[in-house]
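Listed next: structures, encoded as C-alpha cells.
The two complexes that follow have subunit A in common; it is paired with subunit B in the first and with subunit C in the second.
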Partner chain A sequence: MAWGLLLPGLGVLLFAYAMPMLWVLRMAFNRFTGGGGIEITLTLDSFADVFTDPYYLRVALTTVKLGLLVAAITVLVAYPLALFLVRTTSKWRGLLTILAIAPMLVSSVARTYGWMVVLGNQGLLSAVLTGLGLTDTPPQLANQFAGVVIALVQIFLPYAVLAMTSGFGRLDATLEQAAASLGAGRITRFLRVTLPLTLPGVLTGLLLVFVLTISAYVTPRLIGGGRVFVLASEIYDQATNQLNWPLAAALSLVLVIVFGIAVTVFGLLQRRVERWVSGR
Partner chain B sequence: MAELRVAGLVKRYPGAASPAVDGVDLTVEQGEMLALLGPSGCGKTTTLRMIAGLIEPTAGTISVDGRDLTRTPVHKRGMGMVFQSFALLPHLTVAGNVAFGLDMRRLPAAEKKKRVAEILDRVRLGHLAERRIGQLSGGQQQRVALARALVVNPSVLLLDEPLSALDAQLRESLRTEIREMQQNAGITAVFVTHDQDEALSMADRVAVMDNGRVAQIGTPQEIYENPADVFVATFIGRANLFDGELTASGVVVPGLGTLPVTSDRAHGPVTALLRPQAVRLSADGLPGTVRSASYTGDQVAYQVDAAGHTFLVDTVAAGAPLTRGDAVHLAWDDTAVRVLPPRDAS
Partner chain C sequence: MTISRRSALFGGIALLGLAACSTSATDSSQQDSSAGGDALTITGFSGAFADQFQAEVIDPFQQANPGTKVTYTPATNSAELLAGLRTNTGKATYDLVIMDSSVSTTANAEGLFEKLDASIVTSLADLVDAAVIDAGFGPAITIDSLAFIANPAKFATLPSKWTALAEAQYKGQLALQIADTRGIALIAGLSKELGLDYKTSIDGQLAELKKFAANTQTFSPQPNIYDAIRSGSVGMGVGWNARAQALHDETPNELIVAVPTGLGVAQISTINLVKTSTRKDVAQKFVEFAIGAEAQKRLSESAFYGSVNKNVTVAADINARTASTTGLLADAAPIDWNWIAPNYAGWVQRIQREVIGG
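Showing the complex of A and B:
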C-alpha cells in the first residue's frame, strides 16, 4: 500500500530521467563518422578520446576546481547571513529571509547578463575603477575564470542560504548561553559550540552549490566568453556545434561520475558529522 | 561561596505595557538556597537570567560579595547555571560537557581529569563518563548539567526550573539530590520554579513573585503560615478566605459572625484566612453539611457547606470517610485565623 505512494515520482523519474540516461549511455558507445554521421555500433572510441586527450582532462579539472571554489566561497559568504536569519528574533525575520532568497526569482540567464554589464571590459566596474583614478588598467574579469566565479557565487548564494538555514536546526540559543555561563567568550563559543552544530548545514550547502556549479552551463558560457571551458559547455558544444553525439554522451557520463563521487563523499561526511553533533 | 545581592532590579521590554521585572530586591546569604516562586509571567525567570547576565537589566544592580557585576558579561561572572532544557552540548561526551568550564579556566589536564571524575562520582555518573548525551535518560542529563555547573566552583549556582522537564517520581528524588549537593558544597543558590512543593521543600527561603515584584520573602514556614496577602495565601497551599470587616472585637464576616482575632491592621475591610488543616470536624461547633469528600489514602479533603460559606477541611483519614449530605460540626482555634489585606487591594 505505502509503496503505491512512490508510483507518481517513480513514473516521472523513469520517463524523464532513467530512459534518457540509458539512451545517453547507449549513445556513448556509438561511433562518430564526421559531419553529424553516427554509426550504431559498440565501440569505446569516444571514451578513448575523453580519457586520452589532455584537453578533456583539463576541462574536467577546471570543472571540479570551479565547483569546489564556488562552493567554498558561496558557503563562506552565506554562512553569516544564514546564521543571522536563524538567530534573529526581529519581527522582520520573514521579510529578511525572503529578501535573501529573492534573487532566485530572477532567471540565472538574466543575472548572468547583469554580471556581464558589471564585469565587462567597458563595464561598470572598470568604469568606476578608472573613473576614480584607482587604476589605468582595470582588472580583466569578463572572459576569465575569476569572473565566472564571482557571478556563480552571487547566483547560487540564495540556494546556499536556504540550504543552510534549514540545516541549522540543531542550533539552540541556550547551548551558547550555557557555554557562556561556563566562561566561554564570543570566539570560543563560536568555535566550540556554534560551528560544530552548524556543520551539517554547511555540508549541505557545500554539496548543493558544488553540484549546481559543475552542471552550470549558461554562466560559464556567457561570462567565460569562450575562454573558460567546463564539462557542461563542452557537452553542449559537441552535441550542437560538432554534432558529435557519442562524444557528448561520453562527456555527460564523466559528469555523472563526478556527481556520483561528490554525492558519495559528502554523504559519508554528512553521516559522520550528523552522528557527532546529534549526541548519539 | 558568596553573598548575592540584587537591588532595585528592573527589566522593561520596549513596547511592553508593564515592566517584566519591576524593582526586585533580594539578598541571598552565603550558602543559602533561595527559591523564586510564582506563576508563569511573574518575572522570576527574567530575574534569574539578569542575575546570570543573559538579559541586560533596565535598572538596578547585581553584586556578589560587594563586587558590582551588573555590567560584567556572562562569561566573566563566574556563576554556574542549570538550564530547564539542561542545555548539554550534544557533540561532546558526558565528561566533555563537565570539563567544558574547566577548559575555559585553562586547568592542567591532570587536575581537570581528577575534578571531572570526582564530580561525576558525586552525581553517581562515573560509569557513564564516555557516553554521548543522546544516550542518557532525562534524570541523568539533569545530573550532568548539575555536575557541569558545580565543577567550576561557581560563586553562585543558578537553577532555572531544573526539574520541570522530568517526570514526577524523578523530580522527588532529584530534589533531595540537588539540595544535598548544594548544602555539601556550601554554595549560594537561586532557583526558579512554579511548583510550590518544590520551593517549600528545597529552599531555605522563598521569594514569591507576582507581576514583576516580590510579593513576599521568607522561610517556607513564614510564607505558608503568615502569608502577606491573598495572592501568596492562595498560591502557596489551599485556603479558606472570608471577606469581612476588622473591628475591635475581631473580623466580622457576614453569615459567620465574628472571628475573635487581634490584628494591628487598620479597622475596615479585610480578608480572613483559615488553612484547611486548621479546621477540625468535631462534636460541636459550627453546624454544616458535607458537599464532597476526596480520599487520598492518608488524608481526606472535605468541602463542607456551613453558614453560607464553603469550607475546605483537610483531615487525617481514620475509618470510613464521611459522604455527601452527612451532617458535621466544624471547629478551629481562633489563633489559626490570619488577617490579610482585603482581596481587591491585593
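Showing the complex of A and C:
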C-alpha cells in the first residue's frame, strides 16, 4: 500500500520530468549544423563547447555567484523575521505569517516589473534620492547585476521565511531560559544555543533560495538589461534565438549538474550540522 | 492514515474516467480538424502583427470565401514555430506558417515546408525580387526595414547614418536589442555605410557596435523597445519601421521613426505551406489572396509594410513611410538572408560576447 501511494507522484515525475530530461539528454548529443539545422548523431561537440569555451565558464560562475549572493543576503534578511514568527506568542502570529509570505501571491513577473519601476533611471528610488538632494546622479541599479540581486532577494524572501520557520522546529525556549539562568548573556545565548539549533533551518533556506536563483530566468532577463548572462538566459538564447538546440540541451544538463552539486554539498553540511548540534 | 480498498477503487475509476474523457476529447478534435473542408489553421507572429494580419488579410479572405474558417494562432517567435514544426512531423497542427525568412530557409531545407503550386498561387509571378526567398517555396508576406526610433522629447531629430549612435549625446540613452535579427540587420546597414563586406568579415562592424555599446543603457528594453522609448525610460534605439510608423500615428509626441536614406535594411517574413498539411488547396488559395495586390495594398496602407506584389501602388505619402523599393528601401543596404542563415548563430554569439558582454 505504501508503494501504491508513491505511484501518482512517480507517474507525474516520469511524464513531466524524466521523459523530457531524457529527450534533452539525447538532444545534447546531436550536432548543430548552423542556420538552426540539427544533425541526428552521437557526438560530444556541444559538451566540448560548453566545457572548453571560457565564455560558458564565465556564465556558469556568474550564475553560481548570483545564487550564493542572493541566498546569503536573503537568509540574513529572513532570519530575524523567521525567528520572530517562531517565537512570538502574539494572537496576531497567524496574520503576521500570512503577511510575511503574502508576496508569493503576486507573480514574480509582476514583482520584477515593480522593481523596474523602482530601480529605473526615472524610478522611485532615483526620484527620492534626487528629491532629497542626496545626489544629482542616482546610482544606476536597473539593467545591472546589482538590480538583479536586489529584486531576487525580495522575490525569494517569503520562500526563505517559510523554509526557515518550518526548519526552526528544534528551537525550544526552555533551553534559552536554562542558558540564561546559568548566567549566559544575550549574545552568548544566541551564539551557543539559538544559532546552532536554527542552523538546519538556515541551511534549508540557503539551499532553497540558491536553487531558485540559479534557475531564475525572468528577473535576470528583465532587470539585467541583457547584460547579466546566467545559465537560464543562455539556454533560452541558444534554444530560441540562435536555434542551437544541442548546445542549449548541453547547458541545461550543466545546470542540472550544478543543482546536483548544490544539493549534495548542502546535504553534507546539513548532516555535519545535525551531528554538531546533537553532540555526536 | 489508511485508504480503504473502496476509496482506492473509486479513485482509480475516476482517473480512468478522466483519461477516457480526455482521449475522447482528443479524438473528437482530431476528427474535426481531419474533416478538412474549408477550415484553415495559420500560425505566425503575435502582438500588433497578429491584429493587423487578422484585420487586413484574414477577415477580408473570409468575407470573400464565406465557407472558409481561418484560425490564426500567435507564437512567440520563429524559433518556437520551427520547434513546433520539428516536433509535429506526423499530423499537421497548422497548414500555413509565417516566420522570419532566415528561419524559413532552414525549415525548407529540412523538408518541413512544401513548394507552392504556381497554377494556384498565380501571384508568385507578380512578386518583387526581394520577396522571392527560396525559389518555389513560401514567398515573402511582408517586407520591413530597420529604423531609428526615438522619443521626440529627448531627441527631436533622428540621425542620418547608423554610426551616429556612437555620438556622446546618446550616452545612457540607447536601447539596443541587438542579440537577434536586429543586430544582424544593423551589421548589414553598417557594412554599406562603412564600405565593408559582411561576407568577408564582420570585425569592423562589431568594432562600431562596441562604440554604440558604451552609450547603451539596456540591451533588453522592457516590455519592448517601442514602449521603452514611448515611456521615456530610454531616448533612442533601433527597431522595425512598420510597427514604429503605426505607433507614431497613435502617439506622435512619444515616438518618431526614420530610416536613414540609402541605408535601409530589408527584413522579410515569409508565408509557408506545411508539408503535412491536409488542406493544401485551400492553404494555397489563402497564400494567393495574402500576396495578391488587394491584401498587400491594405497591409501597406494600414500597417506600413512594403508590398511584396509589384502591382501594388499606394499614395506617395504612404510609400515614403513603407519599406518598398521605391520608398524607404530605395538604394538599401544589400542583405542576403539566405547567405546569412547558416552564419546567423555565429554572428549573434559574437554580438553577445564581444559587444554586450565585452
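The working rule: the second predicted complex is superposed on the first by the 276 of 280 C-alpha atoms of A that agree within 3 Å, B and C clash if a C-alpha of one lies under 4 Å from a C-alpha of the other, contacts with A are read in each partner's own complex, and residues count from 1 in each chain.
Basically, a contact is a pair of C-beta atoms (placed from the backbone, for glycine too) under 8 Å apart; a residue touches a chain by one contact, two chains touch by 3 or more.
Just so it is clear, the model here is predicted, and its values are computed rather than measured.
Superimposing the complexes on subunit A yields a three-chain arrangement in which subunit B and subunit C fit side by side. Greater residue coverage of subunit A by touch, when subunit B is weighed against subunit C, goes to C.
Of the two partner chains placed around the shared chain by superposition, subunit B is the only one that A:Ser278 touches, whereas subunit C remains out of contact.
Here the vertex is the CA centre of subunit A, and the angle it makes with the centres of subunit B and subunit C is 150 degrees, a multiple of 10. With both structures placed on the common chain, the touch criterion links A:Leu175 to subunit B but leaves subunit C unconnected. Once the two complexes are laid over each other on the shared chain, residue contacts for A:Leu42 go to neither subunit B nor subunit C.
In the superposition on chain A, A:Gln242 makes contact with subunit C only, not with subunit B. Remark: least CA distance from subunit B to subunit C after fitting both complexes onto chain A is 29 Å. Of all residues in subunit C, those touching subunit A in their complex are 2-3, 8, 76-77, 79-80, 82-83, 102-103, 105-106, 109-110, 172, 177, 179-180, 217-220, 222, 232-233, 341-346, 348-349, 352-353, 356-357. Those residues of subunit A that touch subunit C in the complex are listed here as 1, 4-5, 32-37, 55, 58, 113, 116, 120-122, 140, 142-143, 221-222, 224-227, 229, 237, 239-244. Considering their complex, residues 170, 172, 174-175, 177-185, 188, 192-193, 196-197, 276-280 of subunit A touch subunit B. Contacts from subunit B toward subunit A in the complex involve residues 52-54, 73-81, 83, 85, 87-91, 100-101, 104-105, 132-135, 148-149, 152, 158.
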